[in-house]
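Lettered A, B, C and D in written order, each chain numbered from 1.
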Amino acid sequence: MKLFEYEAKQLLAKYGVEVPPSILVRKGEDVKSKILEAGLEPPVVVKAQVLVAGRGKAGGIKLARSIDEAVEIAERLFETPIKGVVPKLLLIEKAVEHEAELYTAIVIDRSERKPVILASRFGGMDIEEIAREKPESIVRRLVDPYVGLRQYEARLIGKKIGLTGKALASYAKFLQALYRLFTEYDGELAESNPIAVVGDKVIPLDARLIVDDNSLYRHPELGGERIEESGEYTEWEVKARKAGLTFVELDGNIGIISNGAGLTMTTMDLVLEYGGKPANFLDIGGGARADLVKKAVSFLLEYPKAEKIFINIFGGITRGDEVARGIVAALRELGEIEKPIVVRLAGTNEEEGRKILSEAGINAYTDPIEAVKRVMEL
Amino acid sequence: MKLFEYEAKQLLAKYGVEVPPSILVRKGEDVKSKILEAGLEPPVVVKAQVLVAGRGKAGGIKLARSIDEAVEIAERLFETPIKGVVPKLLLIEKAVEHEAELYTAIVIDRSERKPVILASRFGGMDIEEIAREKPESIVRRLVDPYVGLRQYEARLIGKKIGLTGKALASYAKFLQALYRLFTEYDGELAESNPIAVVGDKVIPLDARLIVDDNSLYRHPELGGERIEESGEYTEWEVKARKAGLTFVELDGNIGIISNGAGLTMTTMDLVLEYGGKPANFLDIGGGARADLVKKAVSFLLEYPKAEKIFINIFGGITRGDEVARGIVAALRELGEIEKPIVVRLAGTNEEEGRKILSEAGINAYTDPIEAVKRVMEL
Amino acid sequence: MAVLVGEDTRVIVQGITGREGSFHTKLMLEYGTKVVAGVTPGKGGMEVHGVPVYDTMEEAVEAHPDANTSIIFVPARFAPDAVYEAVDAGMRLVVVITEGIPVHESLRFINYARSKGVTVIGPNCPGVISPGKSKVGIMPGHIFKEGEVAIVSRSGTLTYEVAYALTKNGIGQSTVIGIGGDPVIGTSFTEALKMLEEDPQTRAIVLLGEIGGDMEERAAAMVERGEVTKPIVAFIAGRTAPEGKRMGHAGAIIMMGSGTYKGKVEALTRAGIKVARMPFDIPKLVSEVL
Amino acid sequence: MAVLVGEDTRVIVQGITGREGSFHTKLMLEYGTKVVAGVTPGKGGMEVHGVPVYDTMEEAVEAHPDANTSIIFVPARFAPDAVYEAVDAGMRLVVVITEGIPVHESLRFINYARSKGVTVIGPNCPGVISPGKSKVGIMPGHIFKEGEVAIVSRSGTLTYEVAYALTKNGIGQSTVIGIGGDPVIGTSFTEALKMLEEDPQTRAIVLLGEIGGDMEERAAAMVERGEVTKPIVAFIAGRTAPEGKRMGHAGAIIMMGSGTYKGKVEALTRAGIKVARMPFDIPKLVSEVL
């Protein structure tokens, strides 16, 4: 789950990092009086609080040299979709004059199974751009998850991206706070770009935090998933997530339900191979029970892009009988079947499942290729 | 530094441990109305908040069956020294009926360099008593300081001291909180004795925490050392600690100043060996500068038990010239020297020190035995 | 021979009294796996399908000192604890079936296990089977057949699909390892390949990858360096997956342009590995290299 | 031969620009110790008594790849960090002079160093000297003399006293190790004895203990088990110390009736170790066993 910039900055501030003075405004609020109340003097930066990537380039960040200009920009931003998402919140922040811009991110190195810090003296650009244009500027350092990021390591990284003296000490402190944010909030990514160098100190001008969805149960203070606000999901994806389904919308017309990410993707590939186009990815995961299967089938029956439905299940922890019961229940509830459905069933409790389906008049395939061919015929 | 029971319990409560409902009363407060206000129903336990060991046996903990009795006990306790310390605070706590009492402590195992948990099903007794009478009941478990105390380990310990079901789960939760207290507050000791087993859960009836003095700089919320309140120190020891001196009062008449704990103790042993009795232990530590030495000498000049003063310095990180300057400054300030002083000086910058002393009319010895013999002659 | 699990495998099931734990204990027993004990805190003294249940791993190991492998069905919040308990109890292999474990927890327990020399498979994986010898996982046993081809895979169900196809074509398997779909897992492709390279029973290896991460690229580099000499046939799921979308598995996402289908296939091909267009082509390709 | 420090020792001083760091760098250089570099963050580029100063250990090691030993004079709040930095920079021996480090920090960095195979001496210690070869510590060099008797001690100044007495009596020292006065230290008596037992230069060992803890008892047990065969003479400071009072060192406290003078002397005597009544008796006792 992505946090908004202002949330990530609040957390950094909690860990002792100096962030620019700012106010948060909601649509309909009196921007001018809020700015005056807070004593925020221009120039200020008005920033759309949206979760899409590349917000700046998409016009979501604007400099205002006067309060009136800030008000005007704010009004405009509240009406402007940023990569399709209209901001509900704006962060109005004191513009910070600075000498240099740095880049720092913390992610997990999958093969080392350790957090890794990426830092560069070339902030402002995104990391792919830096990697392409100034690869030698990127400092990488693995962190022992049990020991944490030692101060000396933070200093060493700061030194390698060109800092010295008090600014170096300030960066080291900032980096330790960013690491703390990353670990205490189960970060998949903690990033600040750019980080401004202002005389003796560094100040993060932007901050991003992506929290591991699996950890959300232990961060109730984050208020749960921002499915709609995230801008990551289409209307049907939002619906699916709210229903607890792992669903990705695609452009074709063949609805797909499968179990396991690998098999679901392979089912997509298979449909394509036989000349079809998948309308979606829908993975019921491992160990799905009848009610989840029913929910998935009902969802695709309603999902307009799916003109026909291909259910491809190979049971391991998922049991064929549960799958069959779910399919039957969904069809029964809908009354009249409006869309053709092809089922392929193999693996755990395959026989029991096949029996349940055949009693409901559905003939399940064993061979996936025969099944996909049937899908194409319908 | 020892924390008061009520402080340790507040910290445990912060970590989610259920502690008995209680109020804290100060001398002069209206105990009755405070009890009524808090809705504390008798029976209650009135407990002197003092830091001496064996408070219960010394009469510092009393059960009151009515509010009036509680008031009466409180009044009495405020007048009663517990092992020499008159309590300034009382904790009045709801008495908890319980089926069993457990013992649990966490300390550091010096040779393993790891925290170690000690637990026994025989709470109420102190650990030496348990070790003597029921040694087989003591469960010991080392904890990896990087991994921390895992829940399964807490459960395993609970099981080994006879808990099952929900009470076991409650104990495991309690023990993880106690471990957290121990590590987050730099404990030398975190102890709860007894821990009451009350149906489905455990409730700590007492709690102790000794915080490593070296760590106090990072626990400012604890409010610094409780030198006087601790009851650990004599009047002169309190004075010394406030002056920043490492001083222990003893029964003899020969004042001792030395550098390093080992050498200071050895100097005590040496005085005894030659028929004298040390009046104190005063270790100026490593790297003492002139002002500290001056402070130490001035202190012993004032300290009445010290009829004569034996200064035994072997310099390493401590330099002879600094020591000499300190001695000379102290004597100069006092004007007339009232007490005989014998100085033995060896090690780093020995020559420079000897020169400074001889210029001030003091003849420093090289040989400690000659020096101690001279002390005995004076 | 086979790797990871075999005739000597003696299993303790952690979370044996739960729905999945109990169900798959039954299936493992039916397959012939030697499940010697189960653990569920607070359920000590019970039996599940004839397997004695203990409150703690310590007690289970005390009663069954030959136990060397644990399989974990414990819910995500408690699964990390179960891994530490298994490692501390002296297991040599810990198979973590559980899905949904926070990745920071996984990286901590994987580092811990590795520091003690213990192999972790998973989390979020189907487990390991050495057909005819031992099954420590949730895969349907009847689709496998003993033989000489190893499978190592990021995806559970895709593994079954391929194993089934091999079996139908008369090609048996030495060991099938479902390494798991999470971004951080205990045993990666390269580590699994290293084991299989040294296994005398294994003559060829099927590698089933997915988009996301760089494990397939690392495996390819290892082959290019000459560290794996046995023939490998690969398949990568997600050819048609769009960028920036998480395809079910947390690990299966093309981010910042890396981890693409194309990049993976190119790296594998460059290393001389045959990449199947569809998983159903694998039996044929395997026959060619055997 | 000697142990821990010798002719091959190349020292980096961490905290070299501080008062103590600079002063003792001078004394170590005068003694002949090969101090190759110093580190103080923010002071890179300076020189201290001709020794080049770097901002980080990494830079120091890059410029002086022969460095193998660090000595730490950094203030207590920053000293733990300095230890991690030294360990990560590849030092084989880290001598921590600093006093006042929180014990939870010490136990963490000691566990860390040990996991990397690095020896820590201290904290709160005078360091190590192999007379005539190298001095990595704060002890006054002139009181030592090269020879065949090792000293291992919890107390700095007491060590000097005894070394001085030995030297005056013509008895030289192989290596003198001040292990430190804190409750948790990197190298204990038993670990030091193990090294000295294997050192060909060392013919006898002087062990200087204190009240508190059970390190002396453990050393005695080790001797009883026959793991140390060289003759040992011991002295325990604190015969006249009262119970429950901390005698300067955090480690020197008789608590719960354990760690007493009497208990330690009995354990040592039972193991056949001669215990001197006063440190000044040690030279005579050593002469008898040499």
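Going forward, a residue touches a chain if its C-beta (ideal position, glycine included) is under 8 Å from a C-beta of that chain, and two chains touch if they have at least 3 such contacts.
Note that the coordinates shown come from a computational prediction; the quantities given were computed from them, not determined experimentally.
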{"item": "Other chains in touch with both chain B and chain C", "value": "A"}
{"item": "Topological distance between chain A and chain D, in contact steps", "value": "1"}
{"item": "Pair exhibiting more inter-chain C-beta contacts, A-C or A-B", "value": "A-C"}
{"item": "Reference chain D; chain at largest CA-centroid distance", "value": "A"}
{"item": "Between chain C and chain D, centroid-to-centroid distance (C-alpha), Å", "value": "49"}
{"item": "Distance from the mean Cα position of chain D to that of chain B, given in whole angstrom", "value": "27"}
{"item": "Inter-centroid spacing, chain B versus chain A (mean Cα positions, whole Å)", "value": "52"}
{"item": "Contacts with 2+ other chains: residues of chain D", "value": "108, 112"}
{"item": "Chain A: positions in contact with at least two other chains", "value": "146-147"}
{"item": "Pairwise touch network: line, ring, star, complete, or other", "value": "other"}
{"item": "Chain pairs in mutual contact under the definition given at the outset", "value": "A-B, A-C, A-D, B-C, B-D"}
{"item": "Chain C-facing residues of chain A, complex", "value": "108, 110-111, 113-115, 127-128, 144-146, 183, 186-188, 212-215, 217-218, 246, 248, 250, 258-266, 268-270, 272-273, 278, 281, 283, 285-287, 313-318, 346-348, 350, 368-369"}
{"item": "Footprint of chain B on chain D - complex, ascending", "value": "20, 24, 27, 76-77, 97, 99-104, 106-108, 110-112, 114, 124, 126, 137-140, 143, 153-161, 164, 181, 183-184, 188, 190, 208, 210-211, 213-215, 218, 237-242, 245-252, 256-257, 277-280"}
{"item": "Touching residues on chain B, where the partner in the complex is chain A", "value": "146-147"}
{"item": "Residue ranges of chain D touching chain A (in the complex, touch as defined)", "value": "41-42, 55-58, 78, 81-82, 84-85, 88, 108, 112"}
{"item": "Contacting residues of chain A [partner chain D, same complex]", "value": "147, 150-153, 155-156, 159, 164-165, 168-169"}
